[in-house]
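You will see two complexes here that share chain A, one where it goes with chain B and one where it goes with chain C.
And now, the complex of A and B:
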């Protein structure tokens, strides 16, 4: 293939990747922004979503789209439930101490991963795409489903943005983020807001995972890369800044897609990207788009 | 000069622990002796971690890189250049110390959660580096150091380090040195400075202490101890692999220290023993030992944030260092 079509293909792959990444990272960013904690088990919420999507879609006979729609509705709800349960049972008891929370969510990561290995197994399993359409681009036909993933991610992000900025729930969340004590004094049930936000963050990751399984198979270790990449996105975008998160996801997803399709070995690309991000955190802790914390 | 009573008591306690561990070499059945020798070396890793996490209050999620730096710093020259054991052990320690200095200079610009993430990312870079140079490290598969490479040349007679009793004694010696060194460190003015920084860094700075310098020294010391453990582990047990650089080996010392009691000198040893045997025991019953690590982490942080020895110190023995 010559450079033109190759570059278009790489850009398309990068866009799909960026879409999924933006959704996952949005969940992590939301949790960090409002609750000021880092959920290390976020990648496992993603994995759990994917594994559940496989389980649900195989439970439905008939056209693959029935199973897929069921998975898209049920998997995030189940994952949200798991997240809420762990929030109530563990994180709340720790009083959301940032460091203790990290240790506890590392524990959660191991538990979920091991349970997935025990009950789901070590195999990677595919989920059928709900529809099979090819869209003709200038040089080649491209999977219509992948375009749908990009579209769905944009819709979900717009919805999140709308909820955050235009509804009362969003106002309550932002108030909690801005000043926890004052919010409490104004009668906002901060406690319940935290549980909701934690569940919502996990649900965003799970939704991203359901969207991605028809492209990438479900596997019990698939949570690692999304976790690391989400970290990278959230840090580059500025911890807790939603706009920064989305811009950074585009940046990282696109460059990752383009780099890995066109040039370097993936290990070297990952190595340099991780090092670069660590340096950003060291020399510009507020991220590239964030503002200095108050 | 007379020592305060509690100092005499705790020196006695530490010497007694060291003596019991020495005696263990001669009474333990073979299987447990081999487990003990691993635990002693890993306890050094935990003690190094404890110096930073327990005493200085800096939670790193990347100590696998120091352990692995020691391991590769010692293992690669043995394997590829045919260096002898003492020189490569020293080269492992120096590699770890240098890495810790560089990482400390960079990572200490951040605090709290950012420090945790930055150390984790640097360790991830280290892990990927060991995979990238797979021509020399053979990646996940790792390098096996044959017994012939691991012999100590003592004035003409070659002694093999794969001999169980000698291996135990070397692990014990390393452990004892690091334990006494830690005890001396935490009792010294420098150790007290670290604890004070953990409690209130602002105030220490206001009092005129160079807190950055103290923290950097703590990172370098901690990294050096961990590198020593890594180098010894590679040399004594004859295997050097990328697995030891992975995130899991950054979490394990945290788990050991939490279990035994952060900021106690003997806690790391107790925690390492405890977790090692629990995992050893349950891996006979189920392959799902990671589940246990996860549950242990959550239960410890929820109900025993001070660990076994920390709880004992709080309730009964205030004098424990």
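And now, the complex of A and C:
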């Protein structure tokens, strides 16, 4: 294949990856931005979304789209419920202490992972795509489902941006993010906001996972890479910055897709991403779009 | 004059450190009560205790028959108590309008409250879409007060509202406090500037080592400079 088609294919693959990554990282960034908590179990929320997507979609007979739509609606809700329960039983008891919650979410990671291993098993299992359409690009036909993933991620990110910047709930979330104590003094039930944000962050990761399982299979260890890449994205973009998260996800997703496809080296792509993180940490520790804590 | 707020036997802590010890205070309806005392005496902690922002382990804060110490912190403003913290504590990344909206969401009556508050601080009307962190110090203080007034409080807690402001702004803040007294709002004012205390207060409570040593009418403080010398260390 000549360079032109190869480059277009690499770009498309990179965009799909960026879309899934942006959604996952957005959840991580939102949780940190509002709650100042580094959720190490975020990747397991992603994994749980994927595993549930398999369980739900296989429970429905008939056209794959029925099971997929059910998974897209139900799996994020269940994962949101698990996150809310974790917030109530663990994080709230620790008074959202930044250090203690890191250790606690590491514990959550293992609990969720082992539960998945126990009840789901060690096998990787496929979920059928809801439709199988090829869209003709200049040099080749490309998966219509992958284009749908990009479109769905854009819609979800726009919806998140709209909620955060144009609604009362978003205003309450932003006020809580900027000053927890003053938010309390103005009648904002901070504990409930935290529970909602933690659930929302997990639901974004779960939605990304449901979108991605028809492309890569569901597996109980699949949370590790999204967690690592999400951290890379939010460190580069700036923890808590919506714009930074999206731009960094595009940067990492595209570079990963292009380098992996053009040079057949996913390892080289990961090395470059890690190098970029190191450079950001040295020269701009708050990330490209983050603000310095006062 | 009836009581707007009564504090009795209050023990308040920051972590394991006790700051207030058996603190007593009575705020009468429609008065401006100033808390005076040295740094670390417990003035700010007294205000935060009322708002439920520090740990209270003993005592009562009674407003309209309700004990505020029994409420979660986010329920306190809904009883009509508003707080203007030291250093303003605006939501700096939010616009002026959004800061006011936060106050209105708590208890205010929408546009009516908003117009009434903007009538008190007209300069904010021109800045509604501006990020509050970019306002001048005086404008920020006005916004902090305006945001609190959006709650439509009957008890207002002001923590050093004139700190770091230029004289013209201090005069504006004083006018606003006087105007609020006319509207029947009861105010507890923590203030380091003795001249401000003497010009605004109806009564003065002298705070020392986490206790209210005595509460006296402002005329007595004017007549006897020894009060200020004894509790604040300046004359």
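The rule we apply is simple: the second predicted complex is superposed on the first by the 282 of 294 C-alpha atoms of A that agree within 3 Å, B and C clash if a C-alpha of one lies under 4 Å from a C-alpha of the other, contacts with A are read in each partner's own complex, and residues count from 1 in each chain.
Definition applied: contacts are C-beta pairs under 8 Å (C-beta built on N, C-alpha and C of every residue); 3 or more make two chains touch, one makes a residue touch a chain.
Since the model is a prediction, treat every value here as computed from it, not as a measurement.
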If we overlay the two complexes on their shared chain A, which of chain B and chain C does A:178 touch? Say first, second, both or neither. second
Please indicate which partner A:102 is in contact with in the superposed arrangement: first for chain B, second for chain C, both, or neither. first
See if chain A has more residues touched by chain B or by chain C, and give me that chain. B
Return first, second, both or neither, reflecting whether A:268 touches chain B, chain C, both chains, or no partner chain. first
After the superposition on A, what does A:285 contact: first (chain B), second (chain C), both or neither? first
In the overlay, answer first, second, both or neither for which of chain B and chain C A:90 touches. first
Which of the residues in chain B end up touching chain A in this complex? 59, 61, 106-107, 109-110, 112-114, 116-118, 121-122, 124-125, 128-129, 131-132, 251, 254, 258, 288, 290-291, 293-298, 301-302, 305
Interface residues, chain C side, partner chain A - complex: 51-53, 72-78, 83, 85, 89, 91-94, 98, 101-103, 105-107, 147, 151
Contact set on chain A toward chain C in their complex: 168, 171-172, 174-175, 178-179, 181-190
Contacting residues of chain A [partner chain B, same complex]: 38, 90, 93-94, 98-100, 102-104, 106-111, 113-115, 117-118, 228, 231, 235, 265, 267-268, 270-271, 274-275, 277-279, 281-283, 285
